[in-house]
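Two complexes come next, and they have one chain in common, chain A, joined by chain B in the first and chain C in the second.
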Partner chain A sequence: MKNFSIATRQKNNVTILDISGELDAHTASQLENALKSLIDDESYSIIVNCSSLDYIASAGLGVFMAYIEDVRSLGGDIKLTNMNDRVYNVFDLLGFPTLYDILEDEKEALTSFEN
Partner chain B sequence: MAGTKQIQTLSVEASTEHLAEVRDFVAAHAENIGLNQKDISEIRLAVDEAYTNIIKHAYKNTPKEKVSIEIGSDSDHLWITLMDKGKSFDPSSYSEPDLMKRIKEKKRGGMGVYLIRKLMDQVQYNRKGHTNVIRMVKNL
Partner chain C sequence: MNTKSTPSNTEERQSRFELRTLLETSRMLIESQEPDFVLNNLLLITMGKLLVPKGMILINKDSDYFYLVSKIKGRSSLSEDDTIQLNFPEAALEHAVLQGTDHPEITKKLGLPDESILFNLRTTNHHLGFLCLGPKGTGKSLTDSELEFIESLTIISSVAIANSRMFQELRLINRKLDRKVHDLHTLLELSKDFNLMVDQEEIARTFKFAMLGQMLIRTFFFVLDIEDEKSIVASSGLKEKPSNKELNTLFELEDVFYCEEKHDCPFLEKNDIRLVIALYFQNEKIGVVGVGSPANNESYGKEQVDFLQSLGNLALLTIQKTLLLEEQVEKKRMEEELNLAKTIQQGLFPSPIPKIKGFDLKATNISSRQVGGDYFDILETQDGGSILAIADVTGKGVPASLLMANLQSMLHALAPIGITLAEATRSINNIIYENTPPDKFITFFWGKISADGKKFDYVNAGHNNPLLFREGIKKPIELDKGGVILGAIPSITPYDSASIEFQPGDVLVLYTDGVTEAMNPQKTEEYEEERLIACLENNLEKPSQDIMDAVIEDITDFSDGVQYDDITLMVLKVN
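Take a look at the complex of A and B:
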């Protein structure tokens, strides 16, 4: 059984992915497919809301690494929000906060897409 | 109880399907000996990264192969050993990942070994006969 799921919402021109559960080498392909299909649909303003994400391993971070440059080169971004401390700590150990927009709250991310 | 050693073992097929089971196995031991949530999270992640590397690199995604995992602790240390019979890992070939460069080159991976070293106090790679042994130790 896969303890990971993704739900998609739309706010104006921004697509929000609500990810829940455990993101590891087994479940990373689900996130990869979701990001791929957004790019195929030319949705380049993406927020990944991590409020229900309980766990992340480097395979999960690898998915963001693989797509962030593509999306940025197309004029968009992938912004990450609402992480719990344990999840944030993994991003922090690998130095991601200096490269990616990791925000406290989804609203902040929506505002920054407007500017 | 000073001097009391507790050891548990698990043998699983080398498949990412078993990742959650492997994490829960080490977390249960860590909880039993009363570690805090931060240490438990770090141990869960370290074993996940080590086991994922065995699946991908030692066995190249061949799920019929086996991985043996042992977790033990005494009053001063907690250790986790993973054993496989796949391709060996040469730690001297490893260099610290330059994240920016990897993103530009769209290269994934290489982060697991780095994380394990950050999360655990000691990490040793050995080959005994045909068996690769990774031993990770956390000071308590």
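Take a look at the complex of A and C:
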């Protein structure tokens, strides 16, 4: 099995997903399931902390695309934080920064959820 | 120390100052990669140096007479980012410096006094725009050295602007290249990923997510046509599913179809689909992919279409591969099942064929490839008699052979106890009726040779009538007494039975419909009872084995060796 894992934390009313390892075609469904179950549980304020994410492929980005509108239409958001340069480069190349809140660190994201 | 400044001294100092400014400015401008910074500094430096309260920079908009107000300082009716049309005479653009007084219409349009001066910003090949300066606050006109100084600055600035433009263009090209490399990387990676996948759904889902991520889209659908059955195998963000009619329409669109073109598919409009692309496998259109608009609102160009087609074809190919694989596995499974059925069936036949004193008995079964439901058996009873049984179960393969096995165990259980064939048949019918689905029947015939070998009692439950050939009788006697086939209805009326006295030379032939229903190669005619009787009559003198062989050979000739059903044959000759 590929090395990819998701851990869930709760801070105030925000759910934080710590994703680590390689997010690609084989592991994308894990992230999909995690997002789906958050939506089912009505947790719409989501931070995805990417500090331990080593690699992301298009399929991984696709999962974010598939759920952003659902979450926003329910009054929430998905914010991405703590990306390493290589991972950020992929997000940037495909134009994600125009769509997603991509922030330096988790604190910043938590503050922006408060406002 | 000389404190008194002579005119020449002042001039020298002035020119040294100008030189230093020029040097510093040029370094700053050339090192900058932002045209905006360059332009702003050019304007501020010149205005400050010459004490001009009004100035602006115009940038040519690539079309001949339109200029963008890029920077403007001092009171004016114009503001930054305005576009104005200025009809400079062609020849004027050849000059480095234009006097406002020579072009009063233009200075008027710019809201500048006639005494303004326009410095041409240009490189060797390109006219970039103008640095426009109003008159000095002091009202004095510009000196030659001042003009020269500004001209030098504009030349340096023009080069800097051209450079930074080129730099930005390169950056853009570089980014495009990066993107292209990423696209290729994605294709390569997915082709590797797909190779490891055997599940059609997983492939379709991966394809979907890769599309969403790579093209920055929300709405997506992927339709496949598998064995004339069109259906959506993956989708995202659809507000409404297409009807069957719409699915068919999707397959009739152009291979690369931009949805602003005319079409007859409301589904595309309702879901805001922008682009539909056809996917081919071995020259057959079997897939259609549709995508909504990208989140960055860019339109789909050739590069995106190329990528979509490449990735789509990759997914299609992989799905085709899994279908072939599934087919292979299914075929293998069928093969194994047939082997199992054959093993069960062969295990039910008596082997070797028991000998009965005073008779010459031979029996055979040739099972077809699919394994029909034929069964025969020969059992001894407690009173020293013998039972001959033949049956044909509906269906083929393992289900038929299991029912056959059921029948066999019932026969073996009932044969030893002293009940009549008719009663036993009644019990068997009830058990089969209650324990099998309504579409399972058995045609069944059995008969008992008495211990002394003189009498033959039988019951025929819907089986092909066995034929008894007797010397002196022209037509064979058909053994047809009995009742309905087993398993169709519960036993309401009892089964009939009949009895025959054997005579020496009698030949009794039991067979299944695989014999009489053997087909000729044209599949227009069956072998039928008539041919069977004719063949038997010609061979009655021979031993049972030879009679049997003759019939089998005749059937094989008739059908050219092609067999669709089991063939079972039992020949009993009274010595």
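What we mean here is this: the second predicted complex is superposed on the first by the 115 of 115 C-alpha atoms of A that agree within 3 Å, B and C clash if a C-alpha of one lies under 4 Å from a C-alpha of the other, contacts with A are read in each partner's own complex, and residues count from 1 in each chain.
Heads up, the rule we're going with is that contacts are C-beta pairs under 8 Å (C-beta built on N, C-alpha and C of every residue); 3 or more make two chains touch, one makes a residue touch a chain.
These numbers were taken from a predicted model, which means no experiment stands behind them.
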(request) Tell me which partner A:74 touches in the superposition: chain B (first), chain C (second), both or neither. (result) neither
(message) A:59 in the overlay: touching chain B, chain C, both, or neither? Say first, second, both or neither.
(response) both
(message) For A:26 in the superposed arrangement: first (chain B), second (chain C), both or neither?
(response) both
(message) Taking the superposition on A as described, I'd like to know which of chain B and chain C A:86 touches: first, second, both or neither.
(response) first
(message) For A:3, using the defined touch cut-off, is the partner it touches chain B, chain C, both, or neither? Pick first, second, both or neither.
(response) first
(request) Would you mind listing the overlap between the chain B footprint and the chain C footprint on chain A? (result) 24-26, 57-59, 61-62, 65-66, 68-69, 90, 93-96, 99
(request) Report the residues of chain B in contact with chain A in the complex, numbered from low to high. (result) 16-17, 19-20, 23, 37-38, 41, 44-45, 48-49, 52, 55-56, 97, 99-100, 102-104, 106, 108-109, 111-112, 114-115, 118-119
(message) Per the contact definition, I'd like the list of chain A residues that touch chain C in the complex.
(response) 24-26, 28-29, 32, 57-66, 68-69, 90, 93-96, 98-99
(request) Could you please specify the touching residues of chain A with respect to chain B in the complex? (result) 3, 22, 24-26, 55, 57-59, 61-62, 65-66, 68-69, 86, 89-90, 93-96, 99
(message) Can you tell me which positions in chain C touch chain A when the two form their complex?
(response) 175, 178-179, 182, 186, 189-190, 193-194, 196, 202, 205-206, 208-214, 216-218, 236-237, 294-296
